[in-house]
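The following pair of complexes shares a single chain, subunit A, combined with subunit B in the former and subunit C in the latter.
Then we have the complex of A and B:
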């Protein structure tokens, strides 16, 4: 409030600022009128039946109804593992559980969703909605990170062949648009495979995403590697550490910590990019929404649906960003 | 002195995974050649695997797999859409079910694959789907080897392109649309037809292109264009669901004929025959007045009556029509038991009681003034 008053006083002092007044006023009315219209639409005009009646489909897609508990358990486990990691726990048991959970979250997810070992098996084409988006993001991210780190190290290697291959791969992938890579994975790979041999569509999407993202991650990690002064390596080797030990204990911990902000960027980007799969017919969050919109009962409710999924994308994107910031703070406190 | 050495070293790369002496670099270049040969062999292998495509029919693969991969739109009311219970519904979906009932014997053994218009033929060619049942217009360039190289089954829906306008715009014919904006879906024959007809009549228009029908409708409703064009079937669905449907009308003029037909990969006669005769069986069943309800009675009747040869052949009691196609002899009975005949499928999805009502018109049997006729199943 005080700032506002001071700003007004400042304005009064400068007589030449009438134009400023007008622009401010115009912009303010514009923003207010848009807001009023939106609120009016949101509470009065919008027909939210399309969301409420299809609620489970948005989140779980075509997943069989009597098995809904399986993806739900997985979501709860994800949230649990995030919550356990937010604060640095002194309790060692909790720490152990949280590490255990985050390592196992993907195998657990695939087991819970796909079934086997006593659970009814459900083919991956029936996975859909938000759960598919999340699984796609997590699997691709977890595959892309080690691949990216290896590529970054490869690019720093002074072995001619490894260096060239890593560089070629990174430059090649970065020069391609993501949609082309996805298109290749979804539609052209089956052309090369012998007839009868099929790779799961979900797997093909994960591979395409992780190959693409790894090139970007490699560059982020390389940035981290470059920020480490070479004297550290020299002192490490003077202490008698082996190559592997230098990478493991000196280079990577520091490089990755430096790279966290840009890696977060990649994670959020990857999450948002999964929506491209809707164009290629995978029923993730956006894909399933478009199919729901074709139901004759809900034609024309596109705005409600898109606002709804925009909120979901925003929420999860924000959670990823906040979580990464939290981890960054925890790591920095070691310094 | 030591400092100097360290500073000089600063410019060297930070690390290496394994250190090899410099003279070994030549060897690693040599291995590049090896890699190239390996690559060449791998490519050659891919090449030979591709040649196998012609020898095995997809029909056998579908039967072995026990599942039909059917490409649908998933976004067209009345034709294919997702219901609240998470199941697909629509006339295109029922065609998939009928084909699955004919080939596999179980209409639930269908894996639906939602496709957008630009990717549908690639998906068919790559074997991503077995059958395309997605509102696809049957035309020469799609059917021919020089074009998309697919094989079309008989038309399941005779459609035509129309134009939807607001009544208040006082547009009564295409002529009145001179110099106005028109919303249209991109990458479809709709777009081409619109262009053709306006050029033919020397009229100007400004197209606003969208990816799918929902967006075209949205554009039209927001008033971004004076008119929207699409197949009349779709316009009927759109109009039925507009909040102010009485203020809109579909122009009388038809811009094109749009026979919508399922398709399968070209050069695979076994599969395309099976698909073709599945559709004909649906139409023939309506001609014979065999429905989902009376199929068992009809079978009993045919079994009892030796003289009714055509019915006996159709239902697989006599002859071996099915095995000629590589299907079971009672495939027609199996289809009708599961999906009903063509008329039933039509009424379920587009009939007067459905939420998207389109008068049958051209899609009636030839005996009722329509265009549907099935060659004899002999």
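Then we have the complex of A and C:
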């Protein structure tokens, strides 16, 4: 109550006109009525059977039921590596484990999901749900980052030919819509491969995503590179550092640190963009939701499903953003 | 010595890239020969055979592929231009709400920007189409004598009929892009130094006038590049129309490629039509940029 009164007084101090009160009152009524309607729908009208009956399918797709423990272990490992990274690390061993885990998380994921070496092998077309979304995001991101850095260095360099080539690639990729890149990735990659070599739908999607995202990452990293004053390069070469050493120890660490906020946006964007594969027939989170909605038992339950997966997307996007902010803080305190 | 070394690196890079490209093209030619296809564009003149859900130029399934693609390109242009205006309006509304000094409006604006940017655009488009429009009744939910009518066939206003697909795409794209535009505007306004605000306030200029005549003109140089890239993003994002069945350039290229199997040619056509769209938008924005950086606004 006291907070409320103080708030009212603040409002009065700021602008004591009547119009402001009327706007506030109208808006408050509008918000309350929308909220009441939403709560009413949420608790009374909504048919949550569509979620409860398909709960594991949203997360794991059509993965065989007796093998559910494999993706679960992978998810636990991801969460573990995130938590270990966030903690202020005092222990050297914990630090080592966290680096080890984050390097191994993708090979482990592919091994745990795909099988082989003693585990029953499960083809990639049976992967699905949130787990596929995560794997797609991680694989594409890990491939796109080095490619983007190389492109950024190329575009930043004085060498005429290398500069032109990187620029051409970046401009070309940024001019195309993602859905077109993904579609032609599915269609054209097999055409450019030698006869006999075939790669599956999932891998083609990863390649298309990383080609696309690398162009955007390149521009972000280039922004970081440009923020470094040229005097630093001059002093580094005056100290006798070689070209490669300048890039490795002077340019890149600073450029990447400056680029972290925009790289975070790219990561969240990539995570959300994996939903486009739903149009191209991959059963990731949105794809599996669309096929659940096509089931005659759950016809018309659009809103329930959309609200549910919107919350999942929102949650994970927020986790990525918070995690990146934490890393940024750690790096800045390191400085 | 140094020049020679850099030349060597470039030649090396050139050779490597050339080899990769020639291997890829060689593979392509082998694969094409195997499926007995050659690259040509003659199929553009043959009958398309598919219907389009909406068209601004006369179109029947008997028309050629080339005509179908042109009609679809105009459909794309239509939805992009309309969302361009609407998204700018949403962005301006959101930023005005933020600057209004009313905490509730500010909260709403923040919530809008944060929520819209944290969920995938495709999901939002599906929501607007399947939940918002298709679940409407056949007769309008608004009073019958109002100038705007909302039905499951779309929006009817002032004698213009907008189909449900077009309306859902328009609203979804505009709301999504509007949030990003609000962020661009915020960045631009933040780039104006604090002193300018204090200056117009101490001169006794009204808040609205100060914003429009003092702050905004100075923020514009920082805003225009960001706005241009948001408009280009909008054009690219409009291709998600395929998910809700609006016949835009990408959806029609997709159908064309599936029917004819001409992936490479279809890709080239799509590329060229996007180049054209991008050129139109960036040239228009260049003209705007030239107008606002005119000396009338310069300090």
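Operating definition for what follows: the second predicted complex is superposed on the first by the 308 of 335 C-alpha atoms of A that agree within 3 Å, B and C clash if a C-alpha of one lies under 4 Å from a C-alpha of the other, contacts with A are read in each partner's own complex, and residues count from 1 in each chain.
The rule is simple: a contact is a pair of C-beta atoms (placed from the backbone, for glycine too) under 8 Å apart; a residue touches a chain by one contact, two chains touch by 3 or more.
These figures come from a predicted structure and were not determined experimentally.
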Give one of first, second, both or neither to describe whether A:291 is in contact with subunit B, with subunit C, with both, or with none. first
Looking at the overlay, what does A:40 touch: subunit B (first), subunit C (second), both, or neither? neither
Touching A:248 in the superposition: subunit B (first), subunit C (second), both, neither? neither
Touch test for A:332: subunit B only (first), subunit C only (second), both, or neither? neither
Have a look at where A:159 lands relative to subunit B and subunit C in the superposition and call it first, second, both or neither. both
Is A:225 in contact with subunit B, with subunit C, with both, or with neither (first, second, both, neither)? first
Where does A:302 make contact in the superposed view: on subunit B (first), on subunit C (second), on both, or on neither? both
Is A:279 touching anything from subunit B or subunit C once the two structures are fitted on A? First, second, both or neither. both
Tell me which partner A:192 touches in the superposition: subunit B (first), subunit C (second), both or neither. both
Check subunit A for residues that touch subunit B in one structure and subunit C in the other, and list them. 158-162, 183, 187-188, 190-195, 279, 300, 302-303
In the complex, subunit A touches subunit C at residues 7, 10-11, 14-15, 20, 23-24, 27-28, 31, 158-162, 165, 175-180, 183-184, 187-188, 190-195, 268, 272-273, 275-276, 278-279, 286, 300, 302-303, 306, 309-310, 313-314, 317-318
Residue ranges of subunit C in contact with subunit A within the complex: 6, 9-10, 13-14, 17, 24, 27-28, 30-32, 34, 101-105, 108, 115, 118-123, 126-127, 130-131, 135, 235-240, 242-243, 250, 253-254, 257, 263-264, 267, 270-271, 274-275, 278
For the complex, which residues does subunit A have touching subunit B? 53-54, 56-57, 61-63, 65, 125, 153-154, 156-162, 183, 186-188, 190-196, 225-226, 228, 230-231, 233-234, 243, 246-247, 251, 279-281, 283, 287-288, 290-297, 299-300, 302-303
Which of the residues in subunit B end up touching subunit A in this complex? 6, 9-10, 12-20, 25, 28-29, 31-32, 46, 49-50, 52-53, 56, 61, 73-78, 80-84, 86-87, 111, 113-116, 119, 122-123, 125-128, 212-215, 217-218, 221, 237-238, 240-243, 354-356
